[in-house]
Each structure stands twice: as C-alpha cells, then as structure tokens.
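See below for the structure under consideration.
Chain lettering (A, B, C and D) follows the sequence in which the chains are written, and residue indices restart at 1 in each chain.
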Amino acid sequence: MSHNSFGHLFRVTTWGESHGPAIGCVVDGCPPGLALSEADIQPWLDRRRPGQSRFTTQRQEPDAVRILSGVFEGQTTGTPISLLIDNVDQRSKDYTEVARAYRPGHADYAYDAKYGLRDPRGGGRSSARETAMRVAAGAVARAVLPEVRIRAWVEAIGGDVATGFDPDEIDRNPFWAADAAAAARWEDLLDSARKAGSSLGAVVAAEATGVPAGWGAPLYAKLDADLAHAMMGINAVKGVEIGDGFAAAALRGEENADPMRPGADGAPTFLANHAGGIAGGISTGQPIRLRVAFKPTSSILTPVATVARDGTATDIATRGRHDPCVGIRGVPVVEAMLALVLADHKLRHRGQRG
Amino acid sequence: MSHNSFGHLFRVTTWGESHGPAIGCVVDGCPPGLALSEADIQPWLDRRRPGQSRFTTQRQEPDAVRILSGVFEGQTTGTPISLLIDNVDQRSKDYTEVARAYRPGHADYAYDAKYGLRDPRGGGRSSARETAMRVAAGAVARAVLPEVRIRAWVEAIGGDVATGFDPDEIDRNPFWAADAAAAARWEDLLDSARKAGSSLGAVVAAEATGVPAGWGAPLYAKLDADLAHAMMGINAVKGVEIGDGFAAAALRGEENADPMRPGADGAPTFLANHAGGIAGGISTGQPIRLRVAFKPTSSILTPVATVARDGTATDIATRGRHDPCVGIRGVPVVEAMLALVLADHKLRHRGQRG
Amino acid sequence: MSHNSFGHLFRVTTWGESHGPAIGCVVDGCPPGLALSEADIQPWLDRRRPGQSRFTTQRQEPDAVRILSGVFEGQTTGTPISLLIDNVDQRSKDYTEVARAYRPGHADYAYDAKYGLRDPRGGGRSSARETAMRVAAGAVARAVLPEVRIRAWVEAIGGDVATGFDPDEIDRNPFWAADAAAAARWEDLLDSARKAGSSLGAVVAAEATGVPAGWGAPLYAKLDADLAHAMMGINAVKGVEIGDGFAAAALRGEENADPMRPGADGAPTFLANHAGGIAGGISTGQPIRLRVAFKPTSSILTPVATVARDGTATDIATRGRHDPCVGIRGVPVVEAMLALVLADHKLRHRGQRG
Amino acid sequence: MSHNSFGHLFRVTTWGESHGPAIGCVVDGCPPGLALSEADIQPWLDRRRPGQSRFTTQRQEPDAVRILSGVFEGQTTGTPISLLIDNVDQRSKDYTEVARAYRPGHADYAYDAKYGLRDPRGGGRSSARETAMRVAAGAVARAVLPEVRIRAWVEAIGGDVATGFDPDEIDRNPFWAADAAAAARWEDLLDSARKAGSSLGAVVAAEATGVPAGWGAPLYAKLDADLAHAMMGINAVKGVEIGDGFAAAALRGEENADPMRPGADGAPTFLANHAGGIAGGISTGQPIRLRVAFKPTSSILTPVATVARDGTATDIATRGRHDPCVGIRGVPVVEAMLALVLADHKLRHRGQRG
C-alpha cells in the first residue's frame, strides 16, 4: 500500500522531484522474456517532452531514459526494471517567491499542511514532471499488451469542443486534436491565453481497442474504478467519465442499453457502446472509452490573493516556465495510465483464471 | 490486493450474493475503544433499505445487521468487526430467463466471459444488494470520523436538474432532493418512467465538511483519486467529478483559482472552492465536494436484442423487482464510500505523521 | 495490508473471537469452476477439532462449517467464499480471573498495551480457536493445488524426538506421530504433564510434494520467507526451519550442496535435499520441507507470578480447558498454512508467467 | 503486493543486479522532518562492505550511496527517498561457466525454471549484493526509531558456538563476535575453510531494546511473523528463532513462562525473556531477541555434480570472488531487516492507535 506505487501484479513505484538530480521509477512484476530497450521507451517520452511547441512549457529537458536493471541481452528478466531520467534544466532561482507564499490552486499549502515542510523548487514532488515516469512505465506496459491498441486525443480546450474525429489527424498538430478545424481554432485560443498570462482547461478522450472480455475484478478492483483512480490521480484532473459518463445520467434505460447480437467468432457483437466497454467492472470486449477533465493550471501571471507561510496576506503571480494548457501534455500521460491499468489487470486475470 | 477489499489501514472486505443465505463484511483496522453497537449501524441501513416507497424496488428486506466480532462490552477492540445481514426475500424463480440469456447493460455477459460460469440469481455477486455492506461498513467509518460531517443528495434525475439547495429538504422527500420543487417534478417523472417499464439516470452530489488539511497521500494514494475509485466502483456509476469537475475544463486559470486570505485560527480562509477541497491529492481544509453520475439501470421491461448463452439471438425483458432509478438509493452508498475513504486516509495520515 | 488477511492473489481474511457467537473467514481470489462443498472442508476441520482425545482441550465444538457465498451449484464462482462456524461451547465464567490479571506467556498484557482494552473471554481474538478458520481456508487452498500433496506430523514432544519415520503411522495415533514407538512414549509423557498441570512443547515437521519448480517470487515474496511468515504466525510457534535449518549452519559448503543429475523427463534429479526444495526463494521441484517449533502453552495450573490490571502483584493459575501440548493440534494448522502459501504463489506465478 | 517491496507504511522497493550499472532502492512512507544525509547512511554500508578482511569476498566496491530524492535541506520531506549505489568492480568474465551450468545450492536453476531466462553475471538479481540496499534502507529506518537500539552479532561459525558475551567485543574483530576467544578460534577455522576452497555456515543473533509494548498487529501482521519473513528472506538463511526458539519446544510450561512483577514506571517488569519480547505477535516492552541460521554458501572451489543448461551432466566449481562465510556480512543485514520491520510496525501502530 505504498503511497507512491501504482498497480498490483504489474506495479510501478515512482520517485523524484522537479528540481532534484533525477527522477525515476521501478517497474516490478513485468513478465520475463519481453523485448525491451531504451529505444522502446524513448519515443513515448518524446511525445510528452516539454518545449516542443510554443503551447507547452519552455523548460528544455531531453528526458533521455536509462534502463538500470531488469533487462538482460535485450529481454526483460522478470526482476525489477529501474528507469532513470536526469533532470537537466532546473532553474531553482525562479522559485523563491513560491517558497514564501502559497500559490492558490497549487499543492503548496496542502503539502505544508500535511508534511510540515515542502520542497518548493518547481513544486517538488507535486510537479507534473513526475508524469514523465508514468509515460516511461507505460511504455513497458505496452510491451505486456501487444493485443491492445491505445490512443488518446484532446477533445476540447477552454470549452471549445472539437466536432470532427479523424484519428490520422491526431499526430499532425501540436494539440493532439483529432479535428483539423479545432486545432486551427485552438492555436488562436492558446496564443491569446498565453499572451494574457492565463491558462486553459481541456478535455482528453482515450480509447483502448483489443481488450478481451474478462479483465477487471469485481467488486473493489473493477476495471472502471481502477481507471478512474488512475486518471483522477494525474495532475490537474478533476473529472473522469467511462463511456457516456454524465450524459448517461440524462438517458432512459432503453436509450442507454447496448444491445447484443451473435458475432462472427462466437463472441457477441454489440450494437452500441454507451457503457465504454465495461460492465460490472469487467471488460466486455468492446473498445474501452473514457474522458478526462483537466483544469486550467494555477500557474498564471495574473496576481491572485493568497497567504504567506508567515500567515500574512499577500498576492502571488506565478512566473517560472509553465504550460498554458496542461491537458495537451496530458495526452501521453492518459495513454500511459490506461496502459498501466490494463497490463496489471491482464496479469491479475490470468493469475486467477490461468 | 484482494479483489473484494477496500481501503488499507481501515479496510473492508465484503462477501455475498443477492440470493445466497446472507451478505456480510469484515472491517479490519478499526481503532479500539470506539462505542459501537448494531444501533449505530442500523439507521444508515434503513436509509438504503428497499421497498420504502414506490420509487424503489419492492423487494422486502429488513436488512437487520448483526455484529459477530470485534466489539466487546459496547466498544471496538481493534480486531476485525464482522457484520452480517441475512437475505430474507429471495425469489430466485424470477431469474430463469436471466440464466438463459445476457441482459444488455448488465454484468451477465462479462461475468460469464471472466469466470466461465455465474450465479444468475438476482445478479449474484454483481447485484447492488452488496452495497448494503458498504453502508454498514460506512457506519463504522463514521465512528472513526467524529470531526467530519458527510451528506449526499440527488441533484438531477433523467436530466432534470434541481436548481435550489436547502439541506433541510433532503430527508423530507423520497428522492433525497435538496429542492422541494425538483422533488415534486421527479415524482411525476419517476411514475411515468416506472409505468413505461423504463428507468432513469441520476446525478448524486456529496460533501464532507470538517476534514482537516493534510489527508491524502501523493502521488498514488491521492484523496481525489481514491474517491474517484470508490465512487466509480458503485454499481451503475459512469462518471465522477471533484469540485467543478468537467466545468473546470472550460474555465481560465484566473476563474478557477481559489484565492486565500488569512483566517481566524491560523489556517487560511479560501474565497472559493472550485477545487472541491483537494489540491495535489491532499485535503485543504475546505469542504470536500464531488458529484457522481448514475446511469439508468438496464433492468427494464422493454425487450432488448441480446444473445443467449448458447450463442443464438433472442430478446430479453427484465422482470423481477428493480429500482426505476438506482441513483436514489445510491445516496447512502455514496455517503458510505466517502466515509470509508476518509477514515482510511485519516489513519494513514497519522501513521506517517504521528 | 489488512492486519487480518493472509496471501495476495489467494487471500484469506479471518474474524472472530473464542467466545463470540461465531468465527469465520473470507477466501478471496479463488479460481472459478472448482468443485467445492462443505463436505470438502469438514474432514480437515475434524482433524483439528478439540475434545477428541484426552491429550487435547476438552472444549466440545462440532466446528460445523457453512459456506455462505462464492459457490453456486457445487462450483466456486470466483467471487469471495465466506465460511462460518458457530461457537457452541463457550464457558465464559471460567475467565473472570483472566480479566483481572495477565497470564504470563499469553497475549493478555500485550493486547492491553496495544489496544487499551481486550476481550478476556477465552483469550478473545488471540485464542488458538481462530486456527479453525485457517484449516477451513486451507481446505479451499487444497482444491487449488490438485498437483500437490501436503502432510505434517509431530517430530518431538517435550524434547523426546521420534527416530523412526513411517508415514502410514501418522493417522493411527492421537499425536500425528510418524513413529509408533514415539507415540507410545508420548502417551506417558503427556499423561504425566497433564496430571502435573503442566504443558509440553513440540516440533512439527511438514512436507509438500508435487510443487513444480518456479513458485515463489524474489526478493521479498520468496517462498521460504512467506512460509516462515505463515508458520511463525501460528499461535505458540517460536521457530521455523526450511530444509536443514539450523543444522545447515554447522555444515561445510560441500556437505550442504544438493548435487544435480539429468533426470528422466528433462528436469534435473537432485541427489540430496538440504535446501528443503527452495533455492533463491523459488521452488526447485524437490519436496518442500520445513520444521516448526511450538512452545509449551502458558495455560498451566502451576501458579506464576504476575501483575493485575490494577498494577498490583499477584499469582495466576490458568484453569479453563486447555491443550497440554498445542503442537499436536498444530499439525493440521501447519498443513493449512502450507497449502495457503502454495496456492497464493501458484496464482502469482501464473499471473507473471501466464 | 510487489515482489520486490518490503513493508507497508514504511515501505522499501529494491532493484538492481550484481553486475548491472547500479543498484538502488526507494523508501516510501518515511515520516517528514527527520534529519537525513548520505553521512547517516554510509557508515552502515561501510560495515557491510566487501573486501575489508581476508574473511570476506575480495570484490572491491566503495558502495558510496547517493540520495536522489525525498530529502530537502537536510530533512526528509515525506516523499519517496531514492537511494543509488553505482556498481564499480564487476568482472563479468568470471561467470561464463555459471551461464553454462547450474551451481547446486544456488538460485541458478530455480531462476531459469521460473523465468525461462536469467542474468548469470554474478548471480544477477539473486546476488547478495542486493543486501547493500537493505542496509541503506535500514539506516533510514533507524532515523524513524530513535527510541530503539539494535545490534546483531555472530554466535556460531561452522558449529563452533561462542560461549562468552561481551557486547563491547563485537566491533573489535572481523567476525562481529561478542566473544574474543571465539573470534580467535574462528580465525583459524575460516582460514582453513578458505584454503580448502570450502565455506562455513553461521548463526547470527540480534536484539532490539527500547521497543515499547504494543507494536505488531495480530493476526497476520504479527511482529514475530514479520520478523521471520524478513530474516528468512535474507540470502542463505534457512532458520529463524524468536526468543528461545526450538529450545522452547523441549521445555515445560512452567520453565517457559516469563513471570511478571510490578515495575517502577507502571509497566511490568519481566523476570525472564523466553518469549524474546513478543507475545501474541505484539511486543511486550522486553528486548526483542531472535536468531538466524545462515547456510554455508554453495560458492566453493570443490567441484560438485550438476546439470548444464543443455541437460547434460557436468561438474562445476565456483571460481569468482566469494565470501567463505556469508553469515559474517549477514550481521549488518540482519540489523537492517530488524530496523525495517520495527519502523513499519511503529507507523502501523500509530495509524491505528493515534
């Protein structure tokens, strides 16, 4: 029940602060005999890497991952895989003001209340920099899931919802939008927010296809519950939906049913997917679908009323280098968490079923 | 990492099927020396009990709880508390059709795919009847949390959203509505859905006040992530929001900030609560606020296209006794899960901090 | 990390006190589709049942087990199996003196120090009565392990070591001795200790054959470490050895080696088994062998100096009904714990390896 | 339930192979605000460091530890503490023969059977080199336990038992013997075994004083059971005793009792400590005492009959650099595991009791 571990049979423990010497993770329980090298992990990290467009933070981190254990002659050995990324571009001087006063909407005050002290450099442990290790571990999880295809995309920014869906479009724009028209609009939206020293929220959608029926373990290791935990734990996330989510609450039973018909290979064919591929906490063989709400970050230039550590009233404006819309870089993180949950449940299912 | 256990230091394991002889749970890790008797648990079960109005299932279950261990002379001893409720009103004859074919939207097919067999009587383990034990365990959790006040209410049914909020109203109507006008409208709405053999979705809101700053443990035991897990694992739930949830994704950073000012007792006063009382996965001392989406149940009289266990096409209408809107009886369950998460985190926090 | 749960994928949670209304357990994670009924569990409980000879406690408990969940039409469903045994022959009046003062060697003082209160009736939760549920759960574990044969026997009582080994003898005497001559000697030894109001220690040996190479998970879920945990957690146990145990510490490397030769079916043949079938925490395919030391119980008629709850000096003699040698009834418990550890590791291994 | 994690609230995850680039661990759940730097950890590592006398392996490793996270301005922050040691003196050329055939008594065959492949360089993950991280993590655990004093010593080598006990002697000889006469004898014994290319077993004893009554959590997180798990999981350990251990099995009840008398400060005084400071799985306030049996390592120059990976018969002699008596360097490891178990239970106890 480690605070900083995730998963059970396929289990990831992360460590590290934004401005420490390095960040890292340990992936335990990985099946042996899988081909794995840094080259299998790095591309996923590169998708999340900061400083790639003007729409993300300008911190320059190569995020070059090293495998320190658990792989021998190109294959996983079944023992813990240690992954490490050196922090390169720390500018701790930016954070003196953060050390003095709490940034509203940030974890500053909560960490102080919990621990009695905190590492203010770049948010310390609460920094989204940690999500790099989720992405790295997620790349290992993908090796466990050759039958599954995972993808995520941005569905809305600042309330502007994409109306089209062309999966080929996702990799063609800096917003991971599946709609070229939306990407064009968001460019202006982001530029305007960035120039105003503001930030924008976003909705990220994700899908996993190829998941067989039977993964997930009722009643307290339900697949949807574990996905909700995984997604809500990503920095800045405030909402999670499986399938139709909140929209389902406005439907009638007959509208929300996913009728079934005999399928070609013995498994049923579903005529709809309101459920998002999960019933009773167990995958049904349909695509898993979910949606994640990212709030606008609190790292804005507009001064906000706050309290200093010494208890006095003050205002704070967050300088430093920040993402104007963290939801964008959330896309590879959502994908990684989805992979981590599925890899764990694949192993758990075969543990019980053989 | 038991599939059927919930929590870590304050940990609940539930067992039992809808139509077995009994259902029960074991509450482990409860602090010793707390006053506890059946009379402390029964009132919460009575709130969830079926058959209390025409808007819930007509199954008649007294749900009389017995404490079988862990309490001596009216006090918890620190050892496992075993709670048991006998099943009284099983009518297994209703379920022959369910055994033959899968009810779309139910867990029938998923359980068969996972386990290779299933108990079809009343949904077996997947029945919402199990939530009685969550409510019973939640009553024990409340004893661990004298400083916290928890309440939930129905905010919308079938897309009809309550506009008023009067907490005193909640216990006065069969919908746990905090708005008398909404309750009046929902009476018609539910009657109409029930007569049509249909069902309706609902949104439940919940709040916990009195939670001190500092509960929750980053990064993979975040309070909001654990709440999302707890809520998404309730039968029929498809979405969870903390604070502003999806609405936050449409805001700008300055709109979403919760400015702080020095408070009377040393702790800061917050000027807003978009965050729902949690920052960086840790409670801030503000009220914890969340919202949960319940789908309309699939147990409807309208026949739906489906597949029989033998692979042939068929239609199925769910007879038996069912809730036309499971979200209503979800209210005490949401409260219980909120109590369980908070009790566990209270103990975890003091384990690390002393 | 429940205090009262054991195992991970195959996980048992027990509850109940010596003099409460019932004791029970929940077995979670059991594979579905296994044949299971009360008749598969009861014979193992009957072996442990008290009152069967003058060498065990005279408390009369039928220990009739009921399955309350997790089995449908004679097969496990994969959901939690709840087992319950009613307590029948409680005589709480015997324990007023125990409530007043601490019995040296018992858990009385330690429980009070830990919890601030305790249930003194029959030792409450610390009573060896709880081991009935270990035996019941162990019977379920055996259903998971059709390839494995487990047996235990008493090797020494009060320092008198059996020299012969005839497995057929084990079930023919009330001591589970594998040596008829030793059984004859122990009859006198036990009678004499019993009449003197004293008690005797014992050594129990156990073996599991048919365990394939590969179970156990280094480095902190080693099979031998988990067995040591399981055995040391049995009431009155003070020592555990795997293979040669402490005797190995007096050997030289060449004496302790288990040389290997090519075997008939591809697996190697071992020419010795000093290691007790486990190397590096992983089973080697040889028989698993271990040895467990039970202290003499502290429940003796001889008065011992002690302290009352009010802090004053006093003497205490333990009346009530007690085993003069708890190691004897420890035999089915040792077998059960061995089965539980192996069932868990079988599932864990196939979770990682498939 | 990570395979490579240890503890629950104070939880350590280790990674790394004997001949990989580095080894490391993550310590999670450490209370915040404790003074900690590399200088607090290094001295304990230096005690375990190889190559310090002719009685241990000649591999030269500085074992210089680095703290990569979880400490800010000299204090623990409550977030994961990542510790890393670079491997410096790997000579992988020594291990070609090991890759070809299984060393009897080693984990070689078991790892191959479990994982289908293995890293043969220096034993890979099964190497005792990993115990450096246990010692490093144990140093952090000591910071959590200022009230506790832990020490271990060698009690016997190759069957030659020390008869005296002078704690001041422990640090004065290369065997951690508490008896100067025994140390003198063991010098000859070890020299003779080393020259013969053989190895010797050993018994290590350990004690923790200052542990208050009440740590440990019945029934499946008993302090003695967790200690047994911790000790049996150390490389080469085959037996564990708490208090009198196996000797207790030869005693009568009145000989084994630990009589109590009123003590000066309200807590009782015990007149004996057969129990080793633990009753019912809970500490009693007496010194915790245990004993651990180390087998002679299988890394001997004498050729032993074995099987090659290709299934053919062969002989193997283990060259490389090895400890003639691993029990000696086991002393700081036993101490570390004792500290880790106690730190975890301290936090668990205050989680439940406050």
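In this text, a residue touches a chain if its C-beta (ideal position, glycine included) is under 8 Å from a C-beta of that chain, and two chains touch if they have at least 3 such contacts.
Per UniProt, the chains are A, B, C, D = Chorismate synthase.
This structure is a prediction, so every number in the text was calculated from the model and none was measured.
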Mutual neighbours - chains that touch chain A and chain D alike: B, C
Remotest chain, chain B as reference, centres from CA atoms: D
Interface residue overlap between copies chain A and chain C, same or different (over half shared): same
Chain A and chain C, separation of their C-alpha mean positions in angstrom: 46
Where chain A and chain B are represented by their mean Cα positions, the distance between them in whole Å: 26
Chain C and chain D: spacing of chain centres that average the CA atoms, whole Å: 26
Sequence positions of chain A contacting 2 or more other chains: 1-5, 8-9, 14, 29, 32, 78-79, 114-116, 125, 218, 348, 353
In the complex with chain B, residue positions of chain D that touch it: 1, 8-9, 29-32, 78-79, 218, 347-348, 350-354
Residues of chain C touching chain B in the complex: 1-5, 8-9, 11, 13-17, 20-24, 26, 28-29, 32-33, 66, 68-70, 72, 75, 77-82, 114-119, 124-125
Residue ranges of chain A touching chain B (in the complex, touch as defined): 1-6, 8-9, 14, 102, 104-107, 109-111, 113-116, 125-126, 130, 156, 158-159, 193, 198-203, 212-222, 224-233, 235, 238-246, 248-262, 266, 268, 270-271, 274-276, 278-285, 293-300, 302, 304-307, 311-313, 327, 348-349, 353
